[in-house]
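Which chain is which? They are A, B, C and D, in the order written, and residues in each are numbered from 1.
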Amino acid sequence: MYRLREEKVFKDPVHQSIYVQEATIWKLINTAEFQRLRRIRQLGTSYLTFHGAEHSRFSHSLGVYDITRRIISQFERNGYQDWPQEEKMVSLCASLLHDVGHGPFSHAIEQVFDTDHEEWSCAIILGDTEINQVLKEVSEDFPQQVAAVICKNYDKPIVVSLVSSQMDADRMDYLLRDAYFTGVNYGTFDLDRILRVLRPYRGRIVVKESGMHAVEDYLMSRYQMYWQIYFHPVTRSSDIVLRQIFMRARELYREGYAFKFLLPPLAQLLNGTIGLRDYLALDEAMVQTAFGQWSDEEDDILADLCKRFLNRRLYKYVPLEGYHETLEAKLRQAWEEIGLHPDYHLQMDTPTNLPYDVYKPGSPDPEPKEKTPVLVLDDKDRLTEISLKSDIVRSIAGLHTGKYYIYYPEDLVLPHIDRLKPEIRELLGL
Amino acid sequence: MYRLREEKVFKDPVHQSIYVQEATIWKLINTAEFQRLRRIRQLGTSYLTFHGAEHSRFSHSLGVYDITRRIISQFERNGYQDWPQEEKMVSLCASLLHDVGHGPFSHAIEQVFDTDHEEWSCAIILGDTEINQVLKEVSEDFPQQVAAVICKNYDKPIVVSLVSSQMDADRMDYLLRDAYFTGVNYGTFDLDRILRVLRPYRGRIVVKESGMHAVEDYLMSRYQMYWQIYFHPVTRSSDIVLRQIFMRARELYREGYAFKFLLPPLAQLLNGTIGLRDYLALDEAMVQTAFGQWSDEEDDILADLCKRFLNRRLYKYVPLEGYHETLEAKLRQAWEEIGLHPDYHLQMDTPTNLPYDVYKPGSPDPEPKEKTPVLVLDDKDRLTEISLKSDIVRSIAGLHTGKYYIYYPEDLVLPHIDRLKPEIRELLGL
Amino acid sequence: MYRLREEKVFKDPVHQSIYVQEATIWKLINTAEFQRLRRIRQLGTSYLTFHGAEHSRFSHSLGVYDITRRIISQFERNGYQDWPQEEKMVSLCASLLHDVGHGPFSHAIEQVFDTDHEEWSCAIILGDTEINQVLKEVSEDFPQQVAAVICKNYDKPIVVSLVSSQMDADRMDYLLRDAYFTGVNYGTFDLDRILRVLRPYRGRIVVKESGMHAVEDYLMSRYQMYWQIYFHPVTRSSDIVLRQIFMRARELYREGYAFKFLLPPLAQLLNGTIGLRDYLALDEAMVQTAFGQWSDEEDDILADLCKRFLNRRLYKYVPLEGYHETLEAKLRQAWEEIGLHPDYHLQMDTPTNLPYDVYKPGSPDPEPKEKTPVLVLDDKDRLTEISLKSDIVRSIAGLHTGKYYIYYPEDLVLPHIDRLKPEIRELLGL
Amino acid sequence: MYRLREEKVFKDPVHQSIYVQEATIWKLINTAEFQRLRRIRQLGTSYLTFHGAEHSRFSHSLGVYDITRRIISQFERNGYQDWPQEEKMVSLCASLLHDVGHGPFSHAIEQVFDTDHEEWSCAIILGDTEINQVLKEVSEDFPQQVAAVICKNYDKPIVVSLVSSQMDADRMDYLLRDAYFTGVNYGTFDLDRILRVLRPYRGRIVVKESGMHAVEDYLMSRYQMYWQIYFHPVTRSSDIVLRQIFMRARELYREGYAFKFLLPPLAQLLNGTIGLRDYLALDEAMVQTAFGQWSDEEDDILADLCKRFLNRRLYKYVPLEGYHETLEAKLRQAWEEIGLHPDYHLQMDTPTNLPYDVYKPGSPDPEPKEKTPVLVLDDKDRLTEISLKSDIVRSIAGLHTGKYYIYYPEDLVLPHIDRLKPEIRELLGL
């Protein structure tokens, strides 16, 4: 019924070939909403640190779909009883669409405007969209099912665990893909091996004990990718400049500032009233075009921030031994004395700001506790949380606590350097 | 004098690490005009065929610089007398900047608006730009020297040959890079080996005979990349849609159509009066933003074309046995009969339209003759054009002549299929 | 019946993982005769030219099995009617065992002693061996079937074509494997793509037209591997030294020379009476051990040749413009004048000696005509021999004719250089 | 003086190209003693577990030389004062020759016969060998200098640290090479990056702080390679069979057993009197040939062990929860009861037998203390042992303690299974 007459093949640099056999998947890929992901980078502003990281959420989404397809195919080939075969289609669709709600430079926009890409994904799946149309062809309630998987309240937890858990297809694809495009080799692990040792087991995806070392290697890769790539201080700097652009623009908008250039989706974003249709019109092209136009705005702070972002004149970063409120207060005061803006020209970055997603097994604290731990299945059918078996996993869990940094525009401070106290200059590394 | 205190390193997926040792190079990379290359894709619309091909001209330009640096370093290490050591700086700058004049979707824009990216490169180097400022710090006439290399009228032909010839750093980088990002392995050849066998010799860069097989492999890669990637019929289709958007917009502009959205650089582009400052403001973000806005224009043809491009609803292609004017005339007439536009809804693609750049050795014709043939230096210091020595090179030179294709919007034709003559339907594969 | 309870996995550097699901395959791998392939190098003496080429026929045989398995699995997955499903087992066994008859440094031994590894393969399969035992467990005549496939007289030509033809699993594995271990990148082609475009069609394996470029790339790789690796003049030199050792030993043996060291299998080899059991005891360890012992034999020529081989003091090679009998006669005479042996200290290598295996399509000559041409299947179900469609294939077919070389021990000639005529010295490059 | 007219290039799969510029290095490579390394596998019996691991110590030695050359070249390029430039030649020679004393299946032979490959390396360098001749051409005491570096008593500790320390060229090459040939990707780390962050500093090689993460990754690779490859239980099994062959042969030799086949070097090895000339004649070809011949010896135990080794019928392994002497005593008794040999048919493998070489920083115990810790140099010129800075290094140091295993020939036990107590059967997993 949904089978394509001839399978479609995408040439993919990470997985070599991505196969599409179902008509529904093929149609979903060809919707306007899915094609829009081509205009949204997978790694946000990371391309300003690693110039190869220009890949889009489009290719990542295809990759997640492909890994999910391979996992299910392995389950089917081995005839595992614990895998509910009728869940294949909803799993494939959810894996393909899980990121469809991402906006331009998602993390920054989510932080400033308090939006949530998963909610948008569900809104797109359930709203008046081409995607919704395609899913409805499967069955009337199929869109709801797919959305439920993405929002993690689907009634078959094994499907949710395939799409979002510590060993999900999403993480496996992004580690390999981001490593490939940045050009580092931290992110490489043995995907084939991992796919081979996954098992459906009583409503979860677990790992055969013989594959434990491959999982260690995967978790280690993830650890390294976080600290080497995702939290790279230069990328934090470009994220900060980006957030400050949005904060300044919103502030000006609220003050009634007359922007020379402001397309409706952006106005609504600043306004906090953006709807589905306009959200879908937002992409990184529009944001960058706005930044280009805002580089000529009369508001100096906004114009300066936009030029910094486009021309990569980012904020300098200086590591701190630790953070004290008094220290920040002193800096803000010094900034005011030399005529800089203490909000827009200064940013303290603390480790708690990091979107930390490293595996945290069996933590005693209630909060950061892992909801989807990696479970190891031994040959006597016993399940054990991996950190109880693996010294390495235990040792990397939660060990890195991140550093404190000050970010500021060095070029704006330098002319006033004589007016800064020695204590402040030392702090700034000047 | 121009040496950085500490060398800078870019992590590059193709060359692993790209080193910058000269302050001038570092400053050039940080100019607004060079950073702009991050917003211009290396392969134009190819990402619509190969989803990995989202890399920018920024990373390619760094790669060309790096290969040039390695070639010169090899020449210096071996102490070759025929290499004029004082030309290092101008060679490095020209290699870094050779593509700086590219606009968004260059090939399409060049075809429609008859611009030339090399001229723009020189205009940027010689005009009122940050790049010009940095180059002038070297010497007052240094911008002219760099521009002369790019425009191929520099008085040391060996420098020109390093930056543009059949074995130049430009081609070597793009083959490897485009292969890496599309994920095919046609483009891989042994760069290390080739760099090792290049020699400066009497005002040219030549190849030691022992490296001939590596050169064969490189030319073969190029041949395959042209036919598998650069001339892929789907990419031709997206290029055609793109060109038609620009042609339609220009036509409407000339007719005085009131665009709802038109930023000054685009207006001037349509107008044919674009100047340096506005050209630099043009990037793919602005073009895509315009296409997004134009998707709601009242002109149906323009709106339809823009939606096609953004949502990847490209024109179907059908190969032809050959091309005849009468055949095109018949199709145009059929188009008019069913209410389609014979210019915008139909395109014949002939091999002579292809930007064919495959090595054409020793052709008897005066015109397509290779200006910068690959010369092989044997151990008795004799130079021979490579195709005289290599059966492979001879055999691939000029052998592929391309195919004829019809491109058209299948979805617009299908509703009228009953009104088409059988002969036309067969031609269209319907 | 033959299914393993749990599939076995071999970690393979070329194919990542090699899966074994059938008990028969697993048992065959564990026979003494198959394990013996670990002691026979895949590329004979090539490791003396490319030090990485130390891989054995054992790993190649596993690779051929794996590619065959993947081809059949693709045929089954697509439900092609033209593939006889009951032939899977015989195909897998024949692909695994096709090289089991290779002896140490096969090509040299076959040339000197006029043996044939395919005949030995069949003898091993049909004789009193562990392999024969395992195959008989399938059915009484199963060994005959497997042997028939290897000897190319099996009554289902499609099975023979899977195991030996221009696009067989054997060639695909060895190109990729030999490229991997030598470290060159000539041999890389897109195996996944090729496996995807193969089709069983009326008793043959053919190629879908859409995969023609992948096949071109594969044939081009093969062409480059032949000329860069397999026919490398240094490898020819080590092969020559090796052959001369065997020829000298045989001559001495026939003369009744009393070898200090001579194990029975070697004696029988020299004797021309070697039987199955002794042939299986012959491996490269035994040959190298003999050479080590023979380095101390009293016969100077034999001792010198053995030391040359073990210590890699090979013969020098000098390319010739062409070959004339008079030229060889003059050299032989010169050799005798300076006290060198005209047989053992001189070798003319002519292109017709090369085990040339490059694709030779549609040759007009009856002899070198391709028995198993690559056939391309278009979308109208027409078959065309590939060289009629592909300019590249046509151009590389038979184009390289090889060079003539003189091989000789330079160190033995140098002391007598004054006694050589200028004409001879020029010829020898001295 | 020692410069080659034209540099020599080895094609290497791991390092792409290995360059030789010095005549001395070139001559050393061409000595009989160095060429002998081609007949000794880098990973001993590991090829019986990972079939790709057939590479020799020859290629590893070239790789170590090349990494050393690149480190020194980086030091020279950056003009570091702390690098004594006159030590280049001795460093290169020592790095090339550091493994020249390895015998066939070194680790097993060293354990059984209590020899030491470093001592043999020095004996070869100082004895009557071609290597000694070549080194003496540099200066009369140059062989002593090279030997001193290898035996770690050279008076410039920085040279020793280049050739043997926690970050030496030896380890870097073998991790990358062994990962390449086995086909796993645990062993990959960013060599370029590591080479770039090494600094000579006050008589040591230290690491710039900015490279700390690359070092973490390298140590992590090493950790994984040890547990996944070097200590793989199947490889332990083949090592055990090998050792038992040698032990049985020695026992028989001492008892005056009349071997049908015994070449002098082997006799002297069993005898404990082997000298330099015979040691150099020992290679894996000779050992395997002996095993082949001994497969027909009258001593059943020796013949059985040899057949097991050649045909890969290894001992089964069963993990134990822990080791107790009483447990071993019980097993030995059970063995005797069923007529098996408690020494040759049983082996307990305890973690303390492992040649453990994982980085052990700042251990409080005096003994396993790291003699050559990795020191990190920060931008204030302070040195810190890496585990004090890196959570990861601290966490992997000494954490894995290995497992206890029983090894035994399952096929010899199975016929007597009814006579074994249930307790013993459970222990054996039968």
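Brief remarks on what is shown
Definition applied: a residue touches a chain if its C-beta (ideal position, glycine included) is under 8 Å from a C-beta of that chain, and two chains touch if they have at least 3 such contacts.
For clarity, every value in this text was computed on a predicted model and none was experimentally measured.
Among the remaining chains, those touching subunit C as well as subunit D are A, B. Ranking all chains by how far their C-alpha centres lie from the centre of subunit B, first place goes to D. One finds 44 Å separating the Cα centroids of subunit A and subunit D.
Per-chain Cα centroids separate subunit A from subunit C by 51 Å. Counting partners per residue, subunit B has 16, 184 as the residues that reach two or more other chains. Against subunit C, the residues of subunit D that register as touching in their complex are 10-14, 16, 30-32, 35-36, 38-39, 47-48, 50-52, 54-56, 58-59, 62, 180-184, 263, 281, 283-286, 288-289, 292-293, 307, 310-313.
By the touch rule above, subunit A contacts subunit C in their complex via residues 9, 16-17, 192-193, 196. Listing the residues of subunit A that touch subunit D in their complex gives 184-186, 188-190, 213, 216-217, 220, 223-224, 227-228, 391-392, 394-396, 399-400.
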